[in-house]
Amino acid sequence: MKQVTALSPSPDLIAYYASAATDVYFLRARTTLKGAGLDAVVAMDFFAGRTGVLCGRAEAERLLHGVLQEGDEAWGLPEGESFGEKETVLRIRAPYSRFGVFETAILGMLSSCSGWATAAREVVEAAAGRRVISFGARHVHPLIGPTMEYSAVVGGCAGCATPLGAQLASLQGASGTMPHAMVLLFGDTVKAALAFDQHMPGDVMRIVLVDTFKDEAEESLRVAEALGKRLRGVRLDTPSERGGVTVELVKEVRARLDAAGFGHVGIFVSGGLTAARIREFEAAKCPIHSYGVGMSIAAAPPIAFTADIKEIEGKPMTKRGRIPGALPNPRLQRFI
Amino acid sequence: MKQVTALSPSPDLIAYYASAATDVYFLRARTTLKGAGLDAVVAMDFFAGRTGVLCGRAEAERLLHGVLQEGDEAWGLPEGESFGEKETVLRIRAPYSRFGVFETAILGMLSSCSGWATAAREVVEAAAGRRVISFGARHVHPLIGPTMEYSAVVGGCAGCATPLGAQLASLQGASGTMPHAMVLLFGDTVKAALAFDQHMPGDVMRIVLVDTFKDEAEESLRVAEALGKRLRGVRLDTPSERGGVTVELVKEVRARLDAAGFGHVGIFVSGGLTAARIREFEAAKCPIHSYGVGMSIAAAPPIAFTADIKEIEGKPMTKRGRIPGALPNPRLQRFI
Amino acid sequence: MKQVTALSPSPDLIAYYASAATDVYFLRARTTLKGAGLDAVVAMDFFAGRTGVLCGRAEAERLLHGVLQEGDEAWGLPEGESFGEKETVLRIRAPYSRFGVFETAILGMLSSCSGWATAAREVVEAAAGRRVISFGARHVHPLIGPTMEYSAVVGGCAGCATPLGAQLASLQGASGTMPHAMVLLFGDTVKAALAFDQHMPGDVMRIVLVDTFKDEAEESLRVAEALGKRLRGVRLDTPSERGGVTVELVKEVRARLDAAGFGHVGIFVSGGLTAARIREFEAAKCPIHSYGVGMSIAAAPPIAFTADIKEIEGKPMTKRGRIPGALPNPRLQRFI
Amino acid sequence: MKQVTALSPSPDLIAYYASAATDVYFLRARTTLKGAGLDAVVAMDFFAGRTGVLCGRAEAERLLHGVLQEGDEAWGLPEGESFGEKETVLRIRAPYSRFGVFETAILGMLSSCSGWATAAREVVEAAAGRRVISFGARHVHPLIGPTMEYSAVVGGCAGCATPLGAQLASLQGASGTMPHAMVLLFGDTVKAALAFDQHMPGDVMRIVLVDTFKDEAEESLRVAEALGKRLRGVRLDTPSERGGVTVELVKEVRARLDAAGFGHVGIFVSGGLTAARIREFEAAKCPIHSYGVGMSIAAAPPIAFTADIKEIEGKPMTKRGRIPGALPNPRLQRFI
Amino acid sequence: MKQVTALSPSPDLIAYYASAATDVYFLRARTTLKGAGLDAVVAMDFFAGRTGVLCGRAEAERLLHGVLQEGDEAWGLPEGESFGEKETVLRIRAPYSRFGVFETAILGMLSSCSGWATAAREVVEAAAGRRVISFGARHVHPLIGPTMEYSAVVGGCAGCATPLGAQLASLQGASGTMPHAMVLLFGDTVKAALAFDQHMPGDVMRIVLVDTFKDEAEESLRVAEALGKRLRGVRLDTPSERGGVTVELVKEVRARLDAAGFGHVGIFVSGGLTAARIREFEAAKCPIHSYGVGMSIAAAPPIAFTADIKEIEGKPMTKRGRIPGALPNPRLQRFI
Amino acid sequence: MKQVTALSPSPDLIAYYASAATDVYFLRARTTLKGAGLDAVVAMDFFAGRTGVLCGRAEAERLLHGVLQEGDEAWGLPEGESFGEKETVLRIRAPYSRFGVFETAILGMLSSCSGWATAAREVVEAAAGRRVISFGARHVHPLIGPTMEYSAVVGGCAGCATPLGAQLASLQGASGTMPHAMVLLFGDTVKAALAFDQHMPGDVMRIVLVDTFKDEAEESLRVAEALGKRLRGVRLDTPSERGGVTVELVKEVRARLDAAGFGHVGIFVSGGLTAARIREFEAAKCPIHSYGVGMSIAAAPPIAFTADIKEIEGKPMTKRGRIPGALPNPRLQRFI
């Protein structure tokens, strides 16, 4: 499988998609311009209509390295930087024929990835220093799941759920506890916890999901009694049908664990968390160890980026509705 | 490139991602259950918390064909069907060890694709019979762009913008006119239109973008005079800085074209269209030939799907908060 | 204690309060009028500024029987009847000196009792035929608790919680299950249930509170297994800290009881119920046996009643802002 | 009637109601626990879900003195103190068998009285130092009217309307002017005022109601001319049908009285006053002597109090959803 | 004064204003076009962006009769007709040089007058058949007051307040009762009423204003007793400081008049009336004889009319943003 | 026409309207009072129920000079001054018979003119120092157009559109550019601009309307190239059908003019401007030379003024609902 690993997503795969998943009218423009013998060095600026956190620019850079040539220019803001409304985050100055067809791919990389990174940033800021793990891989198509997780890490998440995502984000490994399905198969949370403890390598944290069969507070105590000091934490993932995880539930579980002498057991929370919900937990000074966040990051809409030609052969020029000329932006750094 | 074409996205690529982009806790559960020598035939149901249009199920079926075995069962609603709140859209009955790790991938396929298909359906219904083309490939990462376009077509779109998307959706070819960049390079819309007409194959519709340099109504008349009967249409894509495309603009361009004898020239509209905006155009009986829709479909959030074990070894069983037992759903069709 | 029972509330007690808890200015008016040798037969009308359900009129009748004399008149709508905005619900025609000081008492009886009866009526209508029990005695001062419960029964409740309230409302006995305190003292719900079953007379329904220690669904099954056919029902009273009782919880408990063969066990719901919440349960066709309602009835504000002199010695007369004359109201029945 | 006066409400009456107006399930719990031979020293905490002004605790104290025994403990916040959300305001530590059945009564005392006191406090604060008189006895059942007035005084009111209420609140006497009925019987406000002046003892303030027959400004001048220096004030109680009492009306009456040399005559306002309306009068610097407030205090909803067992035999213990253990609250004072 | 009467407003006065109160750029355009020797027969359409009631067109017609010549055309909807959004209400087809400078005047006539007529129509419809009198002359500059009243009558009012307005609207005479100032000078309403009755000609209705000194109900009875059968009505104009005229006040005055045998005395209402307030009176079936309306009509904003050239020398032509060509409107009638 | 000029509006014309456009009830009051031989020196105060900018007082002063006599008094705030809620802005102290019938006229002058001046002040303050020109003459009847423009200048406008308005406001001349009609007749903006430049006197600023035929940015450059240094500015008046004038459009036209070396050409904006829209332009630091404002000033509703008698023969006296006496207002200046 080694050669396939290189595809995750490999530069070749990206280059293929960048060509074949481009808007067809760029291909038609290429044909028409070539037929008319027309080409020119243009400056093209990429910007968004709102503020956000830039992501996807690193991947765009890898693509452009295979596309641009000696003497061409590419400038950009660093990956993970905040950008302003209509601020140029990427500028290419090169013959149009060389990169025109990649406009779709570059816009798409910036749009999707910046959307996720921006949402992650908001969630992470809400958590005020506590760890946020991106648990939303299941909410997006698997082809793009790892890219979403990479973006979440760029936005500030401390971990993510899939091995491929962790690899893309240069993390040590993926994060996770145990699924409800496993607990159900064991038929009892304590049995599941003991088996998990027995069969997992030492570097996997013993965090046990405690809402499958019984009341969370009761189950937390049963699990803590069974695993003792080896128990790193319990995960609360109460379904909305049972009111979801509330501030009061966390405080009660904490109080009951402490009263029983299990002060070392952390509380991990997941299930329908949003930045607003997390702010509530933090405002209530809830004793939470880390947050697992799914839809709030994974379902973040892409941020619409636009690419405009601003100069042709060094002369300011643009379409109606936009201001001609590639304005200097001191934050841009040349990378090609 | 033939072997790469097979990847677009090929079953192997999907299978690889389905394994490596799974939540790590499913891998840990597999190890634990195996270590404990525990397995069971389970029934797992997939459902969403809201209504929508099902998409991604066909891809999930392809994945499951490589995973399940003789005697296992898989049931589902047809691709493109509407589903109800909490209605089971997919049911797998098989030993858990065989498919447990694919929960992330299947959920992701259903979530992303159904999100796009559902949004497309709303837009298409707003258009009340006029053609809607998915123009949003540029708003999502290129790895997933074609899948988004496929989902838009499942939701009812008549066309899409990228060759790979068109292939995935079994369309004849991608749809597109000409980009602003090309018109800018020619320096004049009429020149660009004439070159386009000269160099494009006969089966490409001559639709000219008319908002690059001049007032749309003026430019439409100039282009119509230049191309005459060969002109199939004009595309209005007025930027928001100039007020966007309005009902009044469309009616005025139509009136001026008609008054000048160009009744055969259609009007194609794009730029920031939403279902609500389209309903306004339709309510005003705007003479529009087709709509190009981007963000309204491409930025649709995924629909969160959930997978629950409902039976273990034929006995109703599920986690707290859910109702045990795999209820019969007469709409489900067995496909494995 | 027999002689005290007569006080619950006895006519003497009421008469005492009616005199000593009157607005002092009525006492001053009595002195002034007597000093001036002034008296007259007046017609006084009692009405409210809003619609509602009349209650307290029976008690007012008992008071008036001790106050009015031969030849005086008193007319009223029947207890429990709906009344309109500004509709006369009670009319007294007698020498003012005879009943003037009781205006405060009569207004107060009508105001408090009609407020509770009107709220009860709304809740009862929301319940669409299912039994509603008034459980709010604890939310009002014990002196008035039984009167509140009487009013709730006039408004349509099928039962109430205190023996004195039940007596006042002519019910067979008060309704109730078991308090959390008792379950806590037993330390286990099943133990508490068994003891309850052992020590209660046969005519007390075996309804067990199931949210004290464990998850409600789990506990319901344990209790049902312990008591078998003798178990009449379980009471769900989930605290708000755990999300309260939800539609989904009721349906899940029902499904799990049925699946385990305990179809004969009913579900009784209490805790923060309002007419709106009950309408949600009913709209969701929740399989509920009866509702226990507290604050929604007990905290209902009194309905402000007003008493106006409308005639003096047979001549229409009233204060500025009101229309003189005691208009005929065919719904009024003479009771004195 | 002396022995009856002792009932207003006498400790015996209260004790009777505390027993017979208790929730029946506490009686059943007593039987069950006794049957099972089970008892324990418990700590029970009383608290509310919102902030407010504590009232009813003094009456609860009187009740507990007849219930608890040597060695038992009772702690509480002082009557009239503000309490926080979920703050313990009363704690009992004693064998459960001794006080369990009084939970309903104690909760009810705290709930009703704190509701009224909290509403009174808000109104009194709105009045910014001017006297507020509780005039709402007529809006509640006479059995509870004096208790409501006592609570209003605890909340800050300077007076109340009924003799029994004044006695309960340890005031010199009740407050009041004259009712519309008396003025109507005299047929003229000036005649009524003169008779009132003639027949009332010297310590009753001459305050005349001026809206029965004529425009308030006109009537105020007529009355002032008739009573001269003996007139202490006029009461404006304009009905809503005539626009109620407005800022402008008060200012105009003040100006006309002053212009006619009646600067010594105060203005007393009543009729539909709320904290918000009073704030408007104060913001407009309206020259008002005192406010008579009815429904805004009398119709205040009870504040729902809850009683939870927090310890059993010295060990932290409580029901699911609550945090076990009787936390120290330095504001609590031991009274038994 | 005869020659001055002709100015009210006379054609000469209007013509002078139409020339000298035109936008200066029309004068400059006239000079420029003349200098360039340029003129053309144009069709100019007048329309508004909203619906309304057309008024001012009759005055525009009078102006155009002095401006257009043989062979020119002018078409219009009838005065008082409802018009649609963007519907052409006036069309002139003539050499531009002949009428171009009158665009300001014609637009202004239509805008102001249609604004008032449209507001009047709404009020009149609210009154559901009862008479509405325009009493708002005092709210607009006297130069335009009569024109406002004329427009109110076109909109449906049955009368107006000023002699000049009545003349312009071809009414028999102006409507009015008596001002507060007169009543104040008499010092008593009854004295004022008797003097009014003595000195007014027989055709002036005896309607007496009853809110100057005393309560309206009291004063109505005093006046009715003084004038007996000669009293046609009372006018209620209660100031907002006393709560304004309310439904309840009208009903009470009616009841008290009827009870005293003055059923022949009508009730006339004025003071802050709006269409919404009138609908409330009508919904409450208030026994009102007629409504006097001021600001609701007089302060109606003008309706912005626009004039566009739609043809030049018979060819469709217009500015960008509008649709060229003078569309046939079958509702237009030719008047020149 | 000289003698007619004196009418614009001449004192005689105003005096005529002041008499004949008065409410008829003032005429009836004059007859009644005269018949009763009743007159008195009264103080009458004029005030409004809201704050605003005083205008029309100068015209009222001219009227009163022809009405009052030796010994009478008239006091007022200066024209253009801000006034407070219910603040007296004009006080007349004279025999009522002398000025009573002019109440309608004076109220009307103050109401209309203050309404316009107040609206103008808000717009002018929004423009933060940039010139605002009143362009709304076309939105009001020509008889009152110049008065509206005078009021707008009192409120702070730097210019107005009609010669008569400019004369009334003592401006050098009216302001204006060129109408769409003239550009349409020339058939080309550049041709129209050249003719305008050729035929206008030197003191008329060359400002060219650029939205008639082509895109504003394109047309601005064409016009600038044709007129060069003689071009003072371009006027943007984009119709709402094309999105109106936006911040982005102004910035783009500015950028394109600057880039082409036409930094001396100013930008004049008109079309649907409101104070809110102007604040947006200013907040966005839009490089605008001046604003032309129509409806926002011309359609301002009149401010309702009231006139009350406050003293009769030196004694405080007024109607019910108002405070008697003419309070000293140090801001009032005596002018008669």
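Just so it is clear, A, B, C, D, E and F label the chains in written order, and each chain counts residues from 1 on its own.
Simple rule for what comes next: a contact is a pair of C-beta atoms (placed from the backbone, for glycine too) under 8 Å apart; a residue touches a chain by one contact, two chains touch by 3 or more.
For clarity, every value in this text was computed on a predicted model and none was experimentally measured.
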item	value
Matching chain pair for E-F (criterion: over half of the contact pairs shared, by residue number), options B-C, A-C or A-B	A-B
Centroid spacing, where centroids are CA-atom means, of chain A and chain F in whole angstrom	59
Cα-centroid distance, chain B relative to chain D, in whole angstrom	65
Distance between the centres, which are taken as Cα means, of chain E and chain D, whole angstrom	57
Junction residues of chain C - those touching two or more other chains	213-215, 218, 238, 240-242, 248, 252, 320-322
Arrangement of touching chains [line / ring / star / complete / other]	other
Complete list of chain pairs which touch one another	A-B, A-C, A-D, A-F, B-C, B-E, B-F, C-D, C-E, D-E, D-F, E-F
List of chain C residues in touch with chain E within their complex	316, 320-325
Residue ranges of chain B touching chain A (in the complex, touch as defined)	1, 4-5, 7-9, 12-14, 16-18, 20-29, 31-36, 38-40, 42, 44, 56, 96, 100, 103-105, 107-109, 111-113, 115, 135, 137-147, 161-166, 173-186, 192, 195-196, 198-200, 204, 211-214, 238-242, 294-295, 298-302, 304-305, 308-309, 312, 317-322
Interfacial residue positions of chain D with respect to chain E in the complex	213-215, 218, 238, 240-244, 246, 248-249, 252
Touching residues (chain side chain E, partner chain C) in the complex	215, 217-218, 248, 251-252, 255-256, 259
